[in-house]
């Protein structure tokens, strides 16, 4: 049987839900440079969620495909066409409602697997508020880049120096993972090397005042590959499976 | 090029977006009896959105996979495991934010294609509020069952009498359309004939007090078929294409 | 003693409230053609509430005189002067606060009698949310047109064919009921026959884009009469009394 | 023609609305001792609104019959059965929506006539927020007790000393005005002299901790009379008419 | 050890918090004429809070320095530069969150000491809502001017007649108290006598339409002195200490 | 004249406000180990704000003393007594209201100086929403730790290795800065060496499930000193002054 709740009947879900961990992937609809699709964050979080679900006999809830506002220096920002951003309160309510419904169905273990940098504070706000009411439910939340083992990082950033996760947008890690999960949606021929973005140490508004490379790539994706994607995916999925086994 | 925004790069979207109609499919995660997946409403609205987009050279935005609360006598209600319901305000905010972002990207024509009965009031609330601010944007909203031509209805409900749309849940129309769009997810062998639900003419709460057939089927799906699904899908898509051509 | 809470002292209410059903009529302030007052929806729901209260020894709470947004093809829409619409969230909060206060006063049975088509989703949202907290309270909600018996329908629509409830706005049913409850406020001499409105199967915004007959009458009121009003009122009140006796 | 919008057709309203002042009475549903009905605040504010409307050729909008929370030492508080209180945000939204709709109908002069002490801050919040957007609309808000002339006060409080407006609840002024507007709803035979309430200079919660006379009367109504009601009503109405003539 | 929570370590707070009353001073940032600083309301409420805390062995929480909207005839209104007003909902949420966190830390007695006229309704809304959930917590709320004993009032308003608290803005009482608590921030040389403001008995918007003395002084501060400030401060603090001893 | 708005009269503010940058310090009330006061985040952000204001002739608005929820692994979390956390929406509203009022006073340049890790997303949400309306206002937001020059970092972390900013809570940087700004509130004698916290790469709820050192110190403060505080303060203030000169 599929691990995807979207593909289950209600009776499939009912049979499986006792003791099951439900994994909620959260993505975004956001520019990812000239060679990656707008749904990269949902593709990666859903792809990883599937791998984790298989390891822990979990269930993958329908992914949240819209995320919080893209920031210029971690996602390129709102000025790129195709970036569709939610207000913070909307994302918090959405995550909250979905989790609360899972809880009302008897679920006691929820893992929120985040694929979009800017989502995190608003997801955690939802979890914090729910957690005050539902004290017997364990919530774990994590962004996938926080669970890559150091040896894997070293292999992925073999030639290119790791620029920090904020700037690693549409760059080696995301491109490699998309090449692994959905190679049909990656157009490496459209990739062009751009001057990398630089962290400012402050935010400036209106958004137009923040300079971002014209491609939307904040760092190079030059050495991305499906193999690197596979390496990371397996590493992250294993790490998550271990966390879930230990803590839930 | 795909009509799905999720599969486009930002530059694909940018090229296409001038004058384009964006179609936003809205579904739900809701029980649909023992033989249909929880995502039927998203499958159908997205499938139809794709067909319409091809006819009008439109773009399909990422579908909204969670919807407003399932009512006992139009969707089986909240007590079936796997039905995950949003609060009204959450759905309104979600639709509002997505549409507003499309508008900020320059889109002037938005078609919201609804696949879940209970969503409609909360979608329209979002549209009404946006429309006060964005007076030069045309919004069209419709639920697919409101655009089936009478001759097609006659063919679909050939043996079984049409029970009204509220009770036609997980029944002939939805089953046929899912057989057409995603036959791999339909388990007709699990279908059992149940006593049909009856409209009460009132709502009663707590939800437990409303009797619903144990299968979650509010009417029979006995005569459903992929052919009927195809017939309806083509009819609806053509009707929508005509509306969009005339009114936008 | 009056059944109207507005006319009771707090001690009257206190004496009566044990075991009593409280009926909350919900109306609107909305155009109802050239011959009917703006408060038709409140007049009818309050008039029926009084009749039901007398049958079940209930209490009628102060009516809610403002309702959710009038839609062009079920109420004429926002462009008619005098139509004053609430946002959905406001109506939901209003119904919720009133019901919660009744519950804090010890009321266990609340019947919300709706007289305005567009209100229903937002009333039910309030009830659903309250019902999660107050599990021992029975809420029943109904719109009066959903409780007219078929023989009565046949008598009311004797000459004119029933156009469906969405279009039956300021038409035979509402005019007859207002003639029954408040004949002093009906100006049949101002009634003019207009081309009836047609259902579109979709909503379009801005509201200006939806064509509505200039009078605001969506269907004819030609054969309306106080007798038909009386017939319907008695039928509906009896049906509601039976429901309340059975289900609360 | 009636000054009450509830009794007008949309065309009546349309004819009259050019240049007209719309008066919105705001009341409450609140205990007013053993001899007065729960709707005193709406009765008085609506009665006065009618008188003012006649003087300035204005329109009376449907009254708001539910108000903000009764405080123990200005209305007896929430513990008396029959007191139904709105949350502040609900009242603010309600007033805001109604006024905004009037403005969208072309009204430029809105007078909010308040009859419930505790409402004022939440009404003014609505007005302040609207006023930022609709700069060409004049809003006037007033509670009726703030417009009684001193000579009239002297006549009304001839034997009994004026206790201050907070404690003058269900006492001489309100009882006299209700005797004037709706004598049929006043039961002076049920009036009993109670020890008057005393101002504390602080609020204490839970509400149970605040001592209030058992009748709900915060001061005596002993010398109330319809004549005093008439005297006040005429005085207030004239004062309001003058203010509206001067300031709008 | 300081009574100010801001100066305590978490262990200081932990030791002291058992049985302690926490006092939350609420001020504003609002014009107070040519001779007083914008923070008068926070200075006075915090100064008094410290005195009370010393008497009852209480803890002073960090003061809230922003308050609800200044009204023209009780604070000069929004048009004076430097007046920074919160929306009502923001103040309510802020007070609510702070109190709820204190309660989660085990605090059972909260005293909110208000220094800004217009704050009160929105503070009480927070307290009312919290009090429904936290029934074992005692909340007391008071504005300092409501606890001045009559003999002290007579001494303070010895030459000048008391104009009522609404108009006593930046006048004798506030100036004297600021001279007592923060003489370094008072510039009596900049004080000029202005024609006093008059109560209107109504509110008018847009705010520009309400006439206020150009200095922002609504009544004279001519006879203010640090001695009067000390007299009032000691009186108020003693009165509050007595209330807290009796009621908590 | 003081740079602090709290100490200015409205006329002082009026004179200075033309062209002035207003700096809004945002802190929190949060545990900072056994030797630092609960208000560290406000002390540091206000202290730095004063230094920057002096350099750029700016104005320091009243600091926001309450902040967003402390996370276990960046602030110790909600379980330490004395940590008083705001909900996200409250902080966003508070920052939004204050900034909007400044803008209504004519301010065109706002610098939000953040001193609490967890605040940032909710501050930026406020700024983003305001920035859509007020397109001619420049907003700059920054957390002070993002503007320490590398040579200064090297001097501050001379003996102890820098643990990353999330874990550098109540540690060398914050302790040194508090020793510089408010040495009277630091109790170095109470400092004890604790095992440092470790980053998990995920969040877990309920909060009790996250292990934090018992002191609340997430890393050592052993080598903190007022000199290091001064060094950082001067560096940060100079960096901010340069940014403000260049970008506003």
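Letters are used for the chains, namely A, B, C, D, E and F, taken in the order the chains are written, and counting of residues starts over at 1 for each.
Quick note on the criterion: a residue touches a chain if its C-beta (ideal position, glycine included) is under 8 Å from a C-beta of that chain, and two chains touch if they have at least 3 such contacts.
Bear in mind the structure is a predicted one, so any value in this text is a computation, not a measurement.
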Using the touch definition from the top, list the chains contacting both chain A and chain F. none
Treat each pair of touching chains as one step and give the shortest count from chain B to chain D. 2
Identity of the chain that, by mean CA position, is farthest from chain C: F
From the options C-D, E-F or B-C, the pair that copies A-F, where over half of the contact pairs coincide: B-C
Please tell me whether E-F or D-E has the greater number of C-beta pairs in contact. E-F
Which chain lies the greatest distance away from chain E when centres are computed from Cα atoms alone? B
Using mean CA coordinates as chain centres, what's the gap between chain B and chain F in Å? 48
Between chain C and chain F, what is the gap in Å from one C-alpha centre to the other? 55
How many angstrom between the C-alpha centroids of chain B and chain A? 27
Residues of chain A that touch two or more other chains sit at 87, 89
Graph of touching chains, which shape: line, ring, star, complete, other? ring
If the ring is traversed from chain C in the direction of chain D, what sequence of chains comes out? C, D, E, F, A, B
Which of the residues in chain A come into contact with chain F in the complex? 69, 71, 87-89, 92, 118, 120-122, 124-125, 127-129, 131, 135, 138-142, 146-147, 201-207, 209, 239, 243, 247
Any idea which chain D residues touch chain C in the complex? 5-11, 13-14, 17, 29, 31-39, 42, 61-63, 65-66, 78, 80-87, 89-90, 93-94, 96-98, 101-102, 104-106, 185, 187, 190, 216
